[in-house]
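Sharing a structure, written as structure tokens. Questions coming.
A, B, C and D are the chain letters, set down in written order, and residue numbers restart from 1 in every chain.
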């Protein structure tokens, strides 16, 4: 049984995720869309905090909210005129989108419901992973340690940096 | 007998053909003509010698102790072996009929070679003409001396081809081209029957060899007993089909239509090929296979009926033609039909197969007088530059030699004694009366008609009334007259040859008895015909026109040859060409090709349709991906549940 | 009230579906990219939630999310570079106008 | 490897390819083409004499000069070579036609070098095909022979060449697909070997599989042999192809079909052949008559000839399916005969087309007067085609008919007679063309200024005519050539005589 605060906290997070997600994709102003994405991302970060993954939440805020959304905003400002509204959606397009989303919802939701026992697991106790354990796991080569993916990601990021420079370079 | 001379008889014309054909263009006309004629002259001498050897040497190869003339193979080389038994050999068979043909063919051929020196003088392609004549002589000689039926078929085709080439000699004239085409195709069609007949016969008898086939037909044909193909006895079928080949070559109804048109060729060619030699190949074929035909009396009946109908038909048509060469052509058909009839009625029990002998006798005499008539007609055409008797008349004054020789020819064909035709035709009529009175009377009528139509054109050409000649007609030069005179002489005396001594069914001598009743009747009928012709056509009058008017439809029908050409035109053009060829060609383009193209179009369409999936529109990809993923999920879930 | 696993999954699912909807309907490439980020985030949440609820002792889910965030960052950077390039060429970042690799 | 004479049939064309690649001008190109094809002709004639003397000395293996070099061991693919009389006949045919084809394309334009390169590549495939006794290698050479056709027609052709080239290639490739399937089936059901002789001698293929594989391979090769209803590439393809390509294609490539039908379908699967022959007999019987009838109404010279090829090649397959020695001998003769004759036809048509710039017989006439040499050659070709004795067509057709008539049942008889009918129809369309094209008055005044054949054209046509006449006059040596192919051990299975 969780504390009422925790429950209220949960509802705030869940509702803001749902509302901001919907707003992200329904607003016709692209800059607003990015802003709502930012809120969604914050909500997700809050969720991580609530689930005791502080480090992850921090990363989420730093990388996503701080990095990616800023990138978005920059690029939006670069590519569109202020106050520009995207044109109204053609209705069949909208319906295709709605149908696809609903289908995914139904299928996945159906799967969730059919595995009710699993879905109804309650929150177990967990000690907060400390920075030390996270660092050891990331840099270690043993079981449940992730040096190889870490290195792979590093290389990937490097490639992305170079690729980004090459692609965006003015010819 | 040594094989050199027989081999030379075949080799010289062939060599001459190759020489004139390949190098002819480099020669002058004269050289080519003289060379060809000399070559043929050599062949003439050699084949006379060979025939003389055969008939008179008394060599045991050729005549048995008992006086029976034998079939003797001079040489026989394997040419193409289909199976161990069925081998085409090229050889040289001497027997009474081939020896006789060795006289007929070179004689006529030589005369024609000689005659053409004058007749064809200055024509373009003179060398080519002589080359083709040589080719024809080679093929015809090869045909008559064939030792087996397939050799005969080979040369049969070759004479057809040389006939094609010679009919179409004036290749710039569309009529000559279509006539040559017609001749070849009609005879080809007949040859199809011949070929199938050979296939059937050879399959059952396992031999092509004439001697094997004819010396003891009963045992050779034993294997065909009871065998049927599509409901007919194979033997009857085979013999009728083989006869079909003969019908084509010998222009029997209903395959006669090519012969009148073949008159488009140069006249000497008509004399050689379409009167004296090639067209009797059918008769020769039946005579060659005669012992086998005897095994199948029904096929001989068939020969008889076809022959008799053709004889009457051709005689009637000949009465109403304007073109003198056409008259002669129909007369040829009619006379060949006489020979066919004669073979058709030949039975061992009727005067020891008199019909066989009579047919060969008539073949011999007919070759002489018909060649004479054609060459005479050639001289006339040469003089007045027209084929139609309407452009002629009163020519007896201008062309005495032609007149006399032509008259001899007419008398001979009409069967007036003592000319050759009388004796041979008389033998035929005796044989026919011996077989059946009905056919006897029938053939007598035809004989009367023969006399009528021949004298009809004779009077129309040489008497009647004289049209305005632009320049005075005159006899041909010596090279043209000489053959006429020689042939006229032969036609006069040939009847006195004791033919029964030389050519009979099984080589036994047959003493010809003159049947005075039959002879009397036929002479009387002939005279009636002649006098009727004289009555109508001696001087210009309107009796012929009145007569034609009195039964206009008959005259028109006969003049149009009873519409056979139209019927053929209808069948070939309307039915075969428009009814079969065109639909097939359409079917090929539209259906077969169309379906192949359709396949291509469907593939194309499909690829275009699929191509739209690769539109480059990311959202579409995602949508499809999503659908796929969801479907997979559903399916997986379905399976798991 | 017990906040069980499904309470976390449902918002993430809705978020994901929003992403799908946005991705399929928007024409602006940046908007599409934003929708993509939504979907990625929804997945990240799922990893984390499953990790937290079912295997509280281990850190697989968390690390997966960590790496996914890193990759998402890289991917976004590249994508935006491309988009800006397209914009430079076409003065337009409509996805339907960019259906060919080469114009 | 180079001690085997057969390998030179591939080596010489490859050398020619190399030399052609470095030749600079038309003279060198011609020199290479003519020398090379002469060398090939000489080689094949030498092979013939050597083969006959070996046979006379008592060699009685079904294939001589056999040799095998491993190529891809895991799948047992070898470069296996070997020939019997039939292959030798085909080799001679190919080299004659390559030679005459080189002469016929003496003035090919544009890109003569590339033209000859592809032409020689094509003949590499052809020669390779005829010397191979390994199914895989055979198939490879088969494809090598097919592909250049696309370019040769597409680049140097005339008329709707793109369409034709595409159609031809696609249809033949479709056939190849069947074929490949059949060959793989043979490999897996024939004791995991590609070697024809081994499979045939052991009769290794299970009869129930034969019934499946026989139609596959027969249809596969039948497409190339222009079997009804897979013949429609032939009229369009031939009509668009340049002269030498038409010659090689009709003269040699279509023989690949007939040869393949015999060598693979019948030789390896005699039981199935016996059982299923009737289906294909119907198809080929239709081909024979159908092609001839179709040819009767065509107005394009090449179409006429293409349909006539359908008819004649139909006769080849027809004879092969009769499954007896006589008919098969006839089939081989017909292949040679048709190859030479039709090459002659296409050469002449090319020459006429080169002068009059039309192939429509309605727009020509009286050519005999204008170009007598070509016209006479055309008449001779026509006579060969309609089966005049003394030329090659006659002996071939007669042998086929006699052989086919050995079957006593009504079905075979009726179809044989049907096939016989083609000789009449052939006469009709040949004489129709000859009459319209060569005889009669000159149709077009402009044609009067045209010239007769040049020396290289004469060389090309005369050489072919000599070959046609040689076969027609001396047919008996074929028996010697073909005798051992039908060795009893191979066909004992179905009791073929």
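Following the convention adopted for this analysis, a contact is a pair of C-beta atoms (placed from the backbone, for glycine too) under 8 Å apart; a residue touches a chain by one contact, two chains touch by 3 or more.
The structure presented is a predicted model; accordingly, all values stated were derived computationally and were not measured.
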{"item": "Minimum number of chain-to-chain touching steps separating chain B from chain D", "value": "1"}
{"item": "Whole-Å gap separating chain B and chain C, where each centre is the average of the chain's CA atoms", "value": "96"}
{"item": "Chain A and chain C: spacing of chain centres that average the CA atoms, whole Å", "value": "6"}
{"item": "Separation of chain A from chain D, taking each centre as the mean of its C-alpha atoms, in whole Å", "value": "71"}
{"item": "Chain A-chain B separation of Cα centroids, rounded to whole Å", "value": "103"}
{"item": "Touching two or more other chains - residue numbers and ranges from chain D", "value": "none"}
{"item": "Multi-partner residues of chain C (at least 2 other chains)", "value": "20, 24"}
{"item": "Sites on chain B at which at least two other chains make contact", "value": "623, 626"}
{"item": "Touch relationships between chains, expressed as pairs", "value": "A-B, A-C, B-C, B-D"}
{"item": "Contact footprint of chain B on chain A as seen in their complex", "value": "96, 100, 103-104, 107-108, 110-111, 114"}
{"item": "Sites on chain B touched by chain C in the complex", "value": "615-619, 622-623, 626"}
{"item": "Contact footprint of chain B on chain D as seen in their complex", "value": "167, 170-171, 228-229, 231-233, 236, 290, 293-294, 296-298, 325-326, 366, 368-369, 383, 386-390, 394-395, 398-399, 401-403, 405-406, 410, 413-414, 416-417, 420-421, 423-424, 427-428, 431-432, 435, 438-441, 475-476, 479"}
{"item": "Interfacial residue positions of chain C with respect to chain B in the complex", "value": "20, 23-24, 32, 95-96, 98-101"}
{"item": "Chain C - residues contacting chain A, complex", "value": "1-22, 24-28, 30-31, 33-35, 37-38, 41, 44-45, 48-49, 52-54, 56-60, 62-63, 65-67, 69-78, 80-85, 87-88, 93"}
